[in-house]
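Quick notes on the structure that follows.
Note that the chains are named A, B, C and D in the order they appear, and that numbering of residues resets to 1 at the start of each chain.
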Amino acid sequence: MITLLYFARYREALGLDSEQFSITCPCSVQDVIEQLKQRGEPWLSILADSKLMLAVNQTIATPDQALTDGDELAFFPPITGG
Amino acid sequence: MITLLYFARYREALGLDSEQFSITCPCSVQDVIEQLKQRGEPWLSILADSKLMLAVNQTIATPDQALTDGDELAFFPPITGG
Amino acid sequence: MSSLLEAYVQTEDFDITQEYQNLRENNSESGAFVSFLGQVRDFNEGDNVSSLELEHYPGMTEAVLNKLLQEASNRWAISRAKIIHRVGALKASDKIVWVAVSSAHRADAFAACEFLIDALKTQAPFWKKERGKQGERWLDAKDSDQAKARQWMK
Amino acid sequence: MSSLLEAYVQTEDFDITQEYQNLRENNSESGAFVSFLGQVRDFNEGDNVSSLELEHYPGMTEAVLNKLLQEASNRWAISRAKIIHRVGALKASDKIVWVAVSSAHRADAFAACEFLIDALKTQAPFWKKERGKQGERWLDAKDSDQAKARQWMK
């Protein structure tokens, strides 16, 4: 089981800020993305967003990163703070 | 007649912060320097200082600048403010 | 020499007087203090902005800010550096972010302070939603911010 | 757009709280505020400094500071800029100089603020005399200050 987090416009579009998600190891971020896409909209649009950013355990990550049980995977749009 | 001003270590070395000085026009800053050198020390050392800075009427100047009656000619060492 | 480095993410406002007091206290070996204050502008890209909602990623934000402070301290000779970033509801002219750096030398203080705010703008997970006459909108990241952040990657 | 530009040379101390208030008042179109504070360090080039005497060239100093402010305003998009420089007797940890700039954009605020203090250091006629355990001495100009000032002449 891993934790998925959604922030900002993605959180609003999904009406969801976090969820628990089952994975079967070995598994990468890309595998999770593929499974989420099967839920249809609004997941499809969000996960196809060319500006989508990912963090695994609070560090910026790329889709090829491997996941293990207990990981935290966050999806968010580009940063606009400061 | 022009006004001569001396600042910082030059003012201290000369024991003088300003004086009135007669010039015969046409005349440059260099002409004034030559006349002041004839006073001997400590003028000689100060005016030979490679770091000597000049201002005419409160604007940085070079020795070739022409002077006219009523001008203000200042001698000072490199700036160390801020 | 280890620097005093601090990062805070908070909903409460901060007090510039207090910040300067803390920064200068027992710090007479530092001659140079550079600070950056960011506040909510009332106009952004032509729209009238009446308020702002700032969201962040608790945990990751603090981790990124501390990493950036450490990086600044490694790259420049700074004695202290502090970042405060507010989250939650803010209105026009409210303070958003504070970056203050002290050093024995002003060039280090300027560079570290500008690096910190530039890097924060692209790496620390904060998101702004503006509310104005035209309704609500999440801000888009600015290309100019990305370009500024890249300048420090040398 | 004309900027609000101010320069003061004074023996009295200044109040950072008041300076920030003035800088931010009716200035909500500016999102970025950069300030530089210079204070008397207690150590300078290895010597223990207990006090400082700051001399200047009245009239020329103000003229140079105003010229530099105008130049900053021509080169960068700034809304306000203020310089305060103290003269007379100062002791360790006393404030010497304040340069504060506001702008809609932080890069302009940083550049203008750093330019002003770098240019002031080599162009505004101030001279420092230090008093410490070793007695009195007039400070020598630093080559590093000249080098920094030259970087802005592009």
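One rule holds in what follows: a contact is a pair of C-beta atoms (placed from the backbone, for glycine too) under 8 Å apart; a residue touches a chain by one contact, two chains touch by 3 or more.
Predicted, not measured: the structure shown is a model, and the values here were computed from it.
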Partition of the remaining chains by touching, absent chain C: A | B, D
Far-end chain from chain D, centres as C-alpha averages: A
Centroid distance [mean C-alpha coordinates] between chain D and chain C, Å: 23
Centre-to-centre distance between chain D and chain B (centres being mean Cα positions), rounded to whole Å: 27
Distance from chain B to chain A - Cα centre to Cα centre, in angstrom: 73
Overlap residues in chain A, where contacts from two or more other chains coincide: none
Residues within chain D bordering two or more other chains: 38, 117
Every chain pair in contact, whichever chains are involved: A-C, B-D, C-D
Residues of chain D defined as touching chain B within the complex: 38, 54-57, 59-60, 63, 85, 96-97, 117, 120-129, 138-142, 145
Complex contact set, residues of chain D against chain C: 16-17, 20, 24, 28-43, 92-93, 104, 106-107, 109-110, 113-114, 117, 148
Footprint of chain C on chain A - complex, ascending: 5, 7-9, 11-12, 51, 55, 58-60, 74, 76-82
